[in-house]
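Below you'll find the structures, each written out as structure tokens.
You will see subunit A twice below: alongside subunit B first, and alongside subunit C after that.
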Partner chain A sequence: MDNLFIAATERSPEVTFDSAVGTLRIKGESYPEDASQVFGPIFNALQDYLVQAEGKALKVDFELIYFNSSSAKALMNMFQMLENAADVDIVVNWQFMADDETMKEFGEDFSEDLEHVTFNLVPVS
Partner chain B sequence: MLAKQFRAFKSTLDERGIIFSFSGYLSEGILYSLGDALRQKMALEDTNVTTIKKVFSVFVEQSQNIIRYSAEKVQGRLDKAVELSSGMVTIGSENGRFFIVCGNTILEDDMARLKGRLEILRAMGPDELKAYYKEQLREPPDEGSRGATIGLIEIARRASAPIEFDFDRIDADRHFFCLKVSI
Partner chain C sequence: MSEDTGKGGFSLFDAEERILAGAKSLLERMAGGDPQLLSEVGTLADAYSRSVREQRRLVKVSDRLQNQMTQLNQELARRRTEAEEALEKLRQAQETLVQTEKLASLGALVGGVAHEINTPVGIALSCASHLDDATKAIRVLFEADDISVDDFERYMDTAADTAKLIVANCERAADLIRSFKQVAVDRTSSERRTFRLADTIAETVTALRPNLRQGGHEVTVVCPPDLVLDGYPGALSQVLTNFVMNSLTHGYGAGACGHLRIEVEPMGDDWLRLRYRDDGKGVPEEFHNRVFDPFFTTRRGSGGSGLGLHIVFNLVTGPLGGTVVLENSPGPGASFLLEFPRVAP
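Showing the complex of A and B:
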């Protein structure tokens, strides 16, 4: 299965997906006008992984500093996709700066609907 | 005469506490550069991190609303697809708060829906806005809105006072729309 690496741009995050190990990391800022351009490739890679990942695990690390509302919407879709993959053992680590209330609150909002996914809020300083 | 005219123009902006004001065709590249300068300016003045993030977020959502919805646009292909939308973004400070105003032309047909949405948001308190945001995050987008509702809720959520908005009729088909947010 293909790995995915997308370098960060001024308005989009760095994305690293290692399908052999089962890790996805999204790091940086995300405020493109069209969020689907950034998140489309991630969705496709995840979908490919999840359909044949039965019994496997996936760790997703979010290290986001800022994202706009259309990226928030895309992130919500991603969490719904993860939640629906009931056969895969998924852990999400939501990293945020300890003094950043906004990112903490987003993490709490996203985690609310999740039952199958383990969601960790990880404050860093 | 030239210097006098433009000094008067600049003084008017300075007196209103304007940090910068952009008028003309706005692109994603301009948004990035202005946003970067805005964050640097606030950081140099030791503005608190939460405030910087709120101002920046409102600035991004306001600018992207202009890019998406301004009724004055030029589109085409140069070496890649280019979309330029005309409008105004102004950032300033007054009474110890930052303010962000956007202005752009909208079509008569879109006015009632936009006004209705903004009236709902203006009447909501922080908890209601938070709940409404969470609800909209889980909804499929409205037709043709490219994510407008969630962007406007984000703007209203970050505001420290109720949002202000106004429409000035240009002609039978168009209005000049303004939205002011204080943080």
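Showing the complex of A and C:
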């Protein structure tokens, strides 16, 4: 299965997906003109991985500083996708700057509907 | 519902669209069934469809607002950078002006001292030339073997008197040069050293004498003679010079002769109090809290730079590590009070 790397732009995050190890990292800011263009390739890669990942694990690291509403919608779609993959052992690490209360609250909101996914709030400084 | 399907061929509302498609197919499959049930399910499907449309609109509106905010933040950051750069330039310009002003006051000192040295050098020169003439005359008499005891005695007196005058005036010139040299070195090097406060004050006053003499002004110095400080004599000398020049510029009209006073007294073992006072026109009440501001001057048109007392403030609070205030003196004139440590920080 292919790995995925998308470099960051001024308005979109850096994406690193290593399918061999089972890690996905999304890092930076996200307020693109077209959120589906940015998140579409991630969804596709994730979908492919989850279909074939039975019994495997996936670690997802979010290191976001800022995102807009369509990115938030895309993230919710992604969480739904992860939640539905009940056969895969999934851990989400939601990193936020220790003094960024807003980003912490977003993490708490996103984790509300998750039952099968282990969701960690990770403050960093 | 393809409007939000982006170039990636992926819809953010993919899941919702699939549910809507499912609802549509359910309604088709229910066609011909219970009309009441059909109508209720139709209403639900419509409500969900509307809710999804509203979600899309909300996301769009919210994205637009966030974009605006981002742009505003960038604009704000840009303007702040501009303002900070402008402020930095202004500070540099101010710093340059302060340096220029310091050099200009040193230049004025050079001019004054050159003038001051002219007098003793001139006297010494005319004495020497008088002695030369007298020597030539006595030589003529001596060679003609026509010299009387009176002639010789008169020549001896002349030689003794002129030699005494030459020595005294050359010493005076040397003194002036020495004291000016010290002031100039201190002023330009801003080096730290231990110094006798009374000497520094005396040297500074000497260097200012040409300016003082023009208006017939007098300076009284009261300072313990053996008070030794560790710090920056150049800064102190500059402070006193600026005080004096400030008094001479603002304090006295034409023909008025001023009495300036520099008084030093210890405050405990480690601190000193230096009061500078003149008996001129004084500082109007409304200017009291602005005299130390840079570029504040009432004499812009006639050459005031507005930096003299600002430099005083910087030197006293900076190198000297003390404080300076303009006192509300009861009598006439202006009075400045400095308090600073014997050992500069």
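Following the convention adopted for this analysis, the second predicted complex is superposed on the first by the 125 of 125 C-alpha atoms of A that agree within 3 Å, B and C clash if a C-alpha of one lies under 4 Å from a C-alpha of the other, contacts with A are read in each partner's own complex, and residues count from 1 in each chain.
By definition in this document, contacts are C-beta pairs under 8 Å (C-beta built on N, C-alpha and C of every residue); 3 or more make two chains touch, one makes a residue touch a chain.
Bear in mind the structure is a predicted one, so any value in this text is a computation, not a measurement.
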First, second, both or neither for A:2, with subunit B first and subunit C second: neither
Touching partner for A:41 - first (subunit B), second (subunit C), both, neither: second
First, second, both or neither for A:70, with subunit B first and subunit C second: both
First (subunit B), second (subunit C), both or neither touched by A:101: first
Contacts of A:10 with subunit B and subunit C, given as first, second, both or neither: first
Interface residues of subunit A shared between complexes with subunit B and subunit C: 31, 35, 68-70, 73
In the complex, subunit B residues that touch subunit A: 28, 32, 49-50, 53-54, 56-57, 60-61, 64, 67-68, 133-134, 137-138, 141, 146-147, 150-151, 153-154
Subunit C contact footprint on subunit A (complex, rising order): 31, 34-41, 43-44, 68-70, 73-74, 77, 80
Residues on subunit A engaged by subunit B in the complex (per definition of touch): 10-11, 31-33, 35, 66, 68-70, 72-73, 76, 97, 99-102, 109, 112-113
Partner subunit A, residues of subunit C touching it in the complex: 4-15, 55, 58-60, 62-63, 66-67, 70
